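Letters A, B, C and D mark the chains as written, and numbering starts fresh at 1 in each.
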């Protein structure tokens, strides 16, 4: 089989570099272009010495990169993916967008949270939001793939079986999320400066994080009705990984054993979703650097509350790995191709 | 003034060592005895080389230690403080117990959570649970001081102004807690082995942690009615500190500005409780190695939810520091004596 | 091609688990047996939940494991590999031993450092110490492969070009090594207990670490004369990786540019050894979870001292990865098969 | 006694904030002014929320700060302390300079390493370099105190007894140093960005770090002859602390027992220097947040090499604590005043 020619736009950000890392070993992919606004003309190994001694294309610009690709992965600040999508369409390349531009279906929601309208509304009809475990059929016809955000991925996989089966009340979902610092990106900020990030934890953007409407959109689709959530992210002093502890009320008459059985049924054929054995809690180290999502279920019988722990690597299942999973679906490859790496647990 | 003679029982555990560290510099205290079951006869600097070159008593046993003390601090596994309390009373020494034996007023609750009855029920009438900011008057007459647990301290200080003033609903309080690893003690376990603790986070004892009834007891006293909580602790890869993110529904007709004003009023004269400025989140690094409790208030207006972040150092305000604060009250010293150290923030 | 049947003895230790992780994705290998003394009869995913949902053999004992393997990887405490080697030979299986039993050629050295003689001296003639970049030809005829230790691998690769070419004096080599905590294994000890390992560093076994004679044996072979070293390891608060800063005197008349040129020449065809560009220092994050060894060269012209930084992942190039590299050589596969993963750098 | 009025210039850098933290609790000091170029007019608690609720002066500029102080502590980039010194002298204030401007006695050395001459050479005669354990008598007449650098402090205390007593050869001293990230300051850089600092270690400025001439100056004074060193610092993923492993050759005829005895003698009356018991290695966690320097002695008898581990907290004994120790000497206070805090060891 002829290799898929892949370009990475924004290759020197963390999600971009992770795409390079994973695509480099994908058996059906040839990396044909890498682009970077800040480092055009340099070798990526100058910015990521971990890639030394491996043949990778010299960093170029987005315009050039799009021309030599069957699939374009983009990891850009919001607002930049719409013009890129046009270029991809013009070049017959599939765009898999790791940014936020095509995730929200409602322009109203987008404006409320991102403070700008859709620049090219006509493109949004060609885009499909694809969290494969929930929407894999839809992505097959997409010309633009909106790859989910990291927090929404963990939240949606943690809640989907419960919402799909009407097991929980939908008016009081609370998501307490903790993310590794790579989620904040490669750019320098005081709160990611080592001495002020290490040996602490803190909530941020409490109740106002932009992943909130994306989470609600997905959960509403799964539930078949409007779902609202309270979402509070925390910056966790680890490099990678997201843990979300989710608090929901069981619907009347639902017992916990039934919940567990339906989760097992829901995910029994999924390669990348794993339920913890009873009593154990999902934890980040078991998924790090892999495309797995680990989920554990707990029951607070004193308050009739279902507690769900959902863990992913924010850079893999939460970004680059899921993007490759989407590419595999689009190119009719087994979903796990290039994503088989096991996590070591330490 | 004659110095207070202090003994530390269980001096080689982490809370015990922290008592030694703080008492050593307390201007009104002389450490007269340290005891340890495992290391009797050794110098504490052999176990804690950080104490080298400082004159500290050789480790002895509890029986001997009690004899030469005006105040006895005990940090023992549950079940061992009741016999110790008798010895203290017999020796006219005040017992400040950092363990769980005297915290729960209800023997029924104690049996349910600790799987044993009170061994010496007659002693419990002499004991007072003392979280000073809430109950400082009560402690003055106590013969035994039950020092609060770490998680309950952060929870109670975070919630007290709201409960006291009827600002929140009491039937749906959720406490998502994250604790540094020192909270698990000095004993070796697989889940505190460095390579399996570092670069991860995980929930544990979900909904069944023994601090739950203690939290509920305190909150019920403050609220003046029975309060139940969902409490989920997580093991956080830092040495010290607790962060609790607490989710509560505002009572009907209460607005967030009022909440903030009443918190400020409630804590305006407290030395050790600090409210974050609006917009900032309380975080562990600002309280580490100090007796402060930092609290931030946030409002999710989309769901009418009050979100409270409450941070302490689990070893200081959550254990040794608060015990010394209680001693200061009992001996009519200013509460902050020996606890003036500022945290550095890094 | 028929798959190589591989067994891992000691599969639940860290090196064993790392072998499982890497062998599972090796395209030419089928894992046919895993053994564990402590967990016989259990599934490895109970000890390493990171392996959940992947088909792996139930843990058995070493005797059974050897029977169904073409190659046996063993990661055992010293003294246990000699009897295992006999069983492997009897079953026509190649033993790749990650332990210390077959590393030292001199029984005298072995007795001095390990306080016991060779139990089965006749086996030692069938064993070959194989650090592929230096001795890959020798391994082809081995019946037993002695896989190098982690510290010796980084030291030997860092020093080989200089010693081979007579660029340095051999009487004053100093190796200051720092290792991640996984190097201390999965067993519990006070000095790997999280709160006492985190936020510190300390030297250990100063001048008496058992890797010292192994380092000297390899360096002496490369130099063609006896070489002695001062070796001081430190426990570094990271999960993985070794950094060694090596101090050596340049031989008379040798200049630094020549050194650099000869290092480049020496390693130009090696897949797994990479020289840093001038001015940059090798660092752990660029090799983590990969089989790379990164080396940087520095010159202290004020003291005419060559300073070499050499970094590996202790669990991969320092253990499981190098063992697989040796297997690849023995089975005439490309050396990098199954070891292509790129490190991400964060 | 009237309190000493103290000003901190550069109060919002890490060393400045550490001065504030320690001076705030010094029983003989009143903090009368804090200055900051970046944050003039703000409260320091806005930058360091750890200082909330404590009365501290509003940030002002250096000119104003100097006017209301008996002692001025300055932590400034090099080149800025000379003009400040003039202002201090004019205001009859003692300057304790934590920067580099007055540390090197030789202008030639200063020019070589800092690429600029002394701007005000006449001031340098009024300055005394004061590492109290070695030079405490000299500081009494100083008008300007040059406070030692962090690396030089650990190196000098680790080597002084050996050099003073002629126990070691002076032509081959190697110092392998590891520093916590606070040593790099509060300013943002890529190599202190959490995801690229965590889980790694790397050497930097190999052989060219500006602390080299300062180390050599001090060692030469102690030895009574010119001493040269090879100095290689590493960035260690911890917040605080320096560990230096120092390699030196014993002088002919010197045995290790004698070395140990002379170290004990040398430091027997020092409050802040502690020798580890035989066999144990000095480590960072035992000195963190204290003014201690812990030293351990090791002997590689195979190579007749003395190995010294020397640990300090870079921010305390390596900066703010030592500056206060110097102030105490100048103001005839006991040296440990305000520096009595014990480290906890975890």
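Just so it is clear, a residue touches a chain if its C-beta (ideal position, glycine included) is under 8 Å from a C-beta of that chain, and two chains touch if they have at least 3 such contacts.
Quick caveat: nothing in here was measured; it's all calculated off a predicted structure.
Greatest centre-to-centre distance from chain B is found for C, with centres as Cα means. Across the two interfaces under comparison, C-D and A-C, the one joined by more C-beta contacts turns out to be C-D. Separation between the centroids of chain C and chain D, computed from CA atoms only, is 39 Å.
With centres defined as mean CA coordinates, chain C is found 36 Å away from chain A. Chain D has residues 14, 182, 195, 198-199, 237-240, 283, 285, 345-346 in contact with two or more other chains.
Those residues of chain C that touch chain D in the complex are listed here as 172, 174, 176, 178, 195-196, 198-204, 206-207, 228-230, 232, 234, 236-241, 243, 245, 247, 281-285, 288, 296, 298-303, 305, 307, 309, 345-346.
Residues 14, 17-18, 20-21, 24-25, 46, 48-54, 182, 199, 239-240, 271, 274, 276-277, 280, 283, 285-287, 289-290, 294, 315, 340-346 of chain C are the ones that touch chain A when the two sit in their complex. By the touch criterion stated above, chain C contacts chain B in their complex at residues 14, 180-182, 186, 188-190, 192-195, 197-199, 237-239.
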